[in-house]
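Next come two complexes built around subunit A: one with subunit B, the other with subunit C.
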Partner chain A sequence: MIIAIKNNQTIPLQSIPVLGYEDFLSLNTSYLKDEAKHCLNYFGYPTEGTLKLICCVANDTDNTIMISSCVLNQEKIVYPSFSAQHLSFHIFERELHENFGVQYSDHPWLKPVRYAFNRADKNSEIANYPFYQIHSEELHEVGVGPIHAGIIEPGHFRFICNGEQILHLEIQHGYQHRGIEQLFLCRKSLLQKSVLAESIAGDSVAGHTTAFVNLWESLCNYKADDDLQFSRTMALELERIAMHTGDLSAICTDIAYQLGSSVFGRLRTPVINFFQEWCGNRLAKGLIRPGANHFHFTEGLAEQLIKVFDAFEPDYLEAWNELKELPSALARLEKTGVVTREQSASIGTVGMVAKTSGIVRDIRATHPHDLYQKLNHQPVIKRHGDVYSRTQIRNEEIVQSMRYIRGMIKKIPEAIKDRAPISSAQKNSFVISLTEGWRGEICHCAITNETGELIHYKVKDPSLHNWLSLALAVRNNEISDFPICNKSFNLSYSGTDL
Partner chain B sequence: MLRNIKILLHQGKQYIPDLTQAEMPGIFRGRPEISNEIKDSQALVDLCPTGAIQSNPISIDMGKCVFCGACAFAFPNMIKFTKDYKIAANNRDDLIVKAGEQKNILLNPDLIRKEISSLFSGSLKLRQVSAGGDNSCELELNACGNVNFDMGRFGIEFVASPRHADGIVITGPITANMAEPLQICYDAIPHPKIIILAGTDAISGGIFEGSAALDRSFLSQYKIDLYVPGNPIHPLTFINGVLELIRKRK
Partner chain C sequence: MVSLLLIVTASLFFTGIIIRTKSILSGRKGPGIFQPMKDIWRLFRKGSVFSETSSVIFQIAPSIYFASVLMAIFLIPFGNMPGIISFKGDIIFFAYILALGKFFNIISALDTGSSFSGMGASREALYSLLVEPAFFILMGSSALLTGHTSFHEIFSSLHFGSHISYAVGTLAALVLIIIALVENSRMPVDDPKTHLELTMVHEVMILDNSGFDLGLIHYATNLKFAMYGALIANFFLTPGYELYYSIPIFIGVQILFAMVVGFVESFMARFRMNHNPQFIIMLTSISLLIFLGVLLILGKFV
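Up next is the complex of A and B:
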């Protein structure tokens, strides 16, 4: 009755059990009573005039993923929601409602997700979205965005404040919607799909592209050689170091600690410049391809990287040690923007937000792929859930990733000359691929038809889960602390809007 | 305090002294060069993920190119990406590199409005709008202002309010959901103002060209002052392009 698969496993579509809606609901919501299980992805796709729902729940204790499905009966108009049983489903059901018009009787808030071009109700437009309001003479609203003060992506934040204190924050997305999932179906060449994967979130190129290539190789029953696995793992860890260092710089900027901002900012430069030395692009675009490696990681590159790290480490640690003892910095970071463990569990957060509120949720440890299968990764866990925890985890993960890379380059796999060509995708299949990007868990799913063509492609960026935790974390904080809270999460707009 | 001074001293010199002559590290993919002796031109055209390669004669449109390098891997003797990062242009057609051409990409001075150099050569304030950008060009535009590239030394800065800006820098393929905010932002900038398209997505839509989720009608209304190709743009490409646009010419 239940099918449990591993990360990057392809299965025949018909092997996924099809349940009645009530069984589908009770099965998946009962899984989540165990905190070691969380919803990876829950989505629908139209098939044969009906809507088929697929729910993927991860079991973090035995590395498996439970897959179940349900065909929505068109006659029954209103369904009981998963979200009423467990809040973490809220975003997926909002998406089902927005894209396919699925009606729920007890969903807490069917707020639009991203105003996708192919949404069910074309009359609903992002420009006239009715934000939640509280009518009181003592409260005021602050609207921020979609265009923000700095050079960042667009999104709208609507605050309801009592004086300087935030009572409520509502976040509206969709400004970045480019129709990526649909383009995965229209763009037929593998190269086009790879370029698309690189463009989901340009700050998580290694994360999303690795998820895509692992998915595609599994779909084609292709075993990636050691050198491919090596370069993907290397790229993921280098991306983590670069982005975390950049985030530390931005956190310092937002507390007006100019020295930290400049030092961490310039320390990111040699790391991304190393990507350029390796693959010709500072953000690793062009590096990761299914069944191909155009940029072999050579001994020469390893020597260069060691030099980069040797120069990076003392300056980095000096700046970090100063930041962590600076009373004026700590006063801004500690106990600000707290996400409690209970909140985190109910929202179903992933990545840094989960790990800083005491939840062990890291794909590298729980559903390992590529070299992580041998790495025995120990996730960095923090418990306070505040801005400082999210600052600390970046520091500890930078140090950890450098240690992993220093270990990896002691044994560089040889370049494969006569690599097996990648064949075509298996027919009538389902595949799921997970990676731990620097933000957290990235999940890609694909479904093929009877000719092996993609009929559905589903992308989930970790941000999709985590935005709600930002909205809750800023409650009862001063509005002046919003920038530092936002920066400590650093969630992706384009990854959410697709 | 003393520790902060120590940290400051340990940084040494981080800025690039001459941004116009800087050597690009590693294996950058910049301006392509195409051999005259291309045999299988159709294979090249078919290979390109964004339709940047055209035949008769073979050409690469850097406004469409995502610089993935796939053509150079498949035909290493025919196509080569050089480390030339000065690839910004103010004439859209100048981004198209034809077979046999090995010339630098230059701005066409006749197309630069006179007031641009007289008003902006010493100080240029820009408002950035990401309209579906994937945060790669946004990261690199931020990097233009960091201590390494330090674009601020030329008086070129990004500002928060369009009211304070002399122009707009657009990234991303321009989504339908950002079309109106982009227009409002542009309208809020006082005259005279410039428009810069940063990155392949902004210039042509890139891999997103033709997506039903885009609305690029904004671009057909105005003259574009500068096209900065790249996926993402390199800070050196952006800074050199803007300097060329605003510099005083005799």
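Up next is the complex of A and C:
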């Protein structure tokens, strides 16, 4: 009755068990009683006049993913919600409610997620959204955005404050919805699909594209050779180093620590410039393609990368040692924006937010793909869940990634000149692909029809789970500490808005 | 007159030196030291835009603020030469003419109706309130020491003799430096460079000001810095110096002061907002030490 698959495994659509809603609910919510299991994705797609729900729950102990499904008849039935049993389903049910009008009897808050173009209720618009309010003479509201305050993307934050103290933060998304998932179905050529995957979030190009190509190759029954696996793993780790270093710089800017801000900012540049040397694009666009590698990682590039790292490492470590011993910086970072382990587990956080509140949740270790299968990755875990933990984990992951890369380039795989062309996608199949981007777990799912065309594509950026943790973390903090909290999470707006 | 000219001269390059110091310390070349003045000049040639929700208060406040700072500068002496205005009790006039300017700044921020500006206004009001006792204890102690109540008389009769008086002078300079940092919204209390409205103090109050008005506010800030620099310099301009000694000392003190500010801003993070009141109250404690030192000098302890 239960089907358990591995990461990047394609299965026939018929093999997914179809349950009644009651069983579907009790099965999936009972999984989550075990903290080693979390919900990867829970989505619906219309088929033959009905709505089919698919729920994917990862088991971190035996590297499997449990898939189950349920068919809802499009009648006006009010269903009991998963969220009432386990809060981590809240965002998926909000999405189902928004897109398909599924009614829930006991969902805590069916706030719209992103105002998709094909949403069920066209009258619900971002312009007439009723924000959460608390009426009191003592409290005041502060709205930030949706026009960006720097170079970040549009999102709206509505604070309810008691003086300087934040009582409640409501985060509003959907200002830049592009219909990415639908575009995957419309764009027929593989190149167009790859470029689309690169554009999901500009700061996680390697992460999202790796998830897409792994998914597509699995769907086409194509086994990626060492060269492909090498370049993908390399790109992921380089992206991690670059983004984490940039984030450290931004964290220093937010606490007005000029030295850290300028040194980390400068250090990020040679790393992303290396992508330019490698594939002609600083964000690694064009590097990762299904069944193809146009930019073989040569010995010459390896030497160059060693030089970049040799220059990077001493300056980086010096700047980090300055930062971690600076009392004024620690006073800002420590005990600010705490996400407790209980909160983290209940809302089902992933990536850095989970890892900094003591939960081991790292796809590289639990559902390895590409070269991670041989790497024996040990996730960096922090326990305090505050801004400083999220700063520390960046430092430790940078050091760890550099170690991995230095190890990897000792054994560069041969360039493969003539690869077999990638075949067409399997028919009537379901596939799920997980990648640990620098932000956390990226999950792509695809379903094909009887001709092998995509009929549903589902993208999940780690930010989707983690935005709620930001809203919880800033409660009872000072409103002036919000920017530093926000930066320490550095969640993706475009990854959420899709 | 000399002091006014010197303060205006110093105001032209003061902020430029801070920015240049920060640039060099972060490994950049940085803009020329007159760049902030060029920016202000650019603003002076622009028109202002006023929000429809704001009233006349918002339009007159920048001018009143600028005038108050100018008025306060008129009171500053130079060595044994009095300022343009000098009378008994002008130290109190000095504090409250500045407070008047700040008051208008605060109500003009409230006038915009923006939730950001309101927050900034509340922060600025709190910090000014906390700074006041430190300033009065400092000036009161000087008045007690010299027996006079005007800037000119205090500074012309102030002279260093015993060890305690040196200690008192150093502490007074320290208190004035920190008061200047707080009053001008610099690190570690406020971050003038930030783009994050939620963390701003002074900057967020003037978000709605534009063009000429914004230029006035920026220039008033430069003047205020130079004014506090002049007050500090006066502690070291013992009467009797000729102008060819005292003018270089004055300029030197201003440059050194600007570099200290730049240095502080380069190598530390700003305080968390709720640590600021503690930090500012500390100033009052230092001022009390000065008061104690003055009592010791005068032998008034029984």
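To be clear about the criterion, the second predicted complex is superposed on the first by the 496 of 498 C-alpha atoms of A that agree within 3 Å, B and C clash if a C-alpha of one lies under 4 Å from a C-alpha of the other, contacts with A are read in each partner's own complex, and residues count from 1 in each chain.
Going forward, a residue touches a chain if its C-beta (ideal position, glycine included) is under 8 Å from a C-beta of that chain, and two chains touch if they have at least 3 such contacts.
Since the structure is predicted, the reported quantities are computational estimates derived from the model, not experimental observations.
For A:R364, select first, second, both or neither according to whether it touches subunit B, subunit C, the two together, or no partner.
A:R364 sits against neither subunit B nor subunit C.
Have a look at where A:H294 lands relative to subunit B and subunit C in the superposition and call it first, second, both or neither.
In the superposition, A:H294 touches subunit B alone.
Which holds for A:R282: it touches subunit B only (first), subunit C only (second), both, or neither?
A:R282 sits against subunit B, while subunit C stays out of touch.
Given the superposition on chain A, which partner contacts more residues in subunit A: subunit B or subunit C?
Between subunit B and subunit C, B touches the greater number of residues in subunit A.
Once the structures are superposed on A, label A:S262 by its partner contacts, choosing first (subunit B), second (subunit C), both or neither.
both
Of the partners subunit B and subunit C, which touch A:V195 in the superposed model: first, second, both, neither?
First partner only.
Under the stated touch criterion, which partner chain does A:D254 make contact with: subunit B (first), subunit C (second), both, or neither?
Touch partner of A:D254: subunit C, not subunit B.
Do any residues of subunit A touch both subunit B and subunit C, and if so, which are they?
Residues 149-150, 259, 262-263, 266 of subunit A touch both subunit B and subunit C.
Spell out the part of subunit A that touches subunit C in their complex, as residue ranges.
So the residues of subunit A touching subunit C come out as 140-144, 149-150, 163-164, 252, 254-259, 261-263, 266, 326, 328-329, 331-332, 336, 478-483.
Considering the complex alone, what residue numbers of subunit A touch subunit B?
115-118, 126-127, 146-147, 149-154, 174-179, 182-183, 187, 189, 191-192, 194-196, 199-203, 205, 246, 259, 262-263, 265-266, 269, 273, 276-283, 285-286, 294, 314-315, 318-319, 322, 492-494, 497
For the complex, give me every residue of subunit C touching subunit A.
On the subunit C side, the touching residues are 22, 25-28, 115-116, 118-119, 122, 187-188, 191, 193-199, 265-275.
Inside the complex, what are the residues of subunit B that reach subunit A?
3-4, 6-8, 10-11, 14, 25-29, 47, 49-50, 66-70, 73, 81, 128-143, 146-148, 158, 160-161, 172-173, 175-178, 180-181, 185, 201, 206-208, 211-214, 231-232, 234
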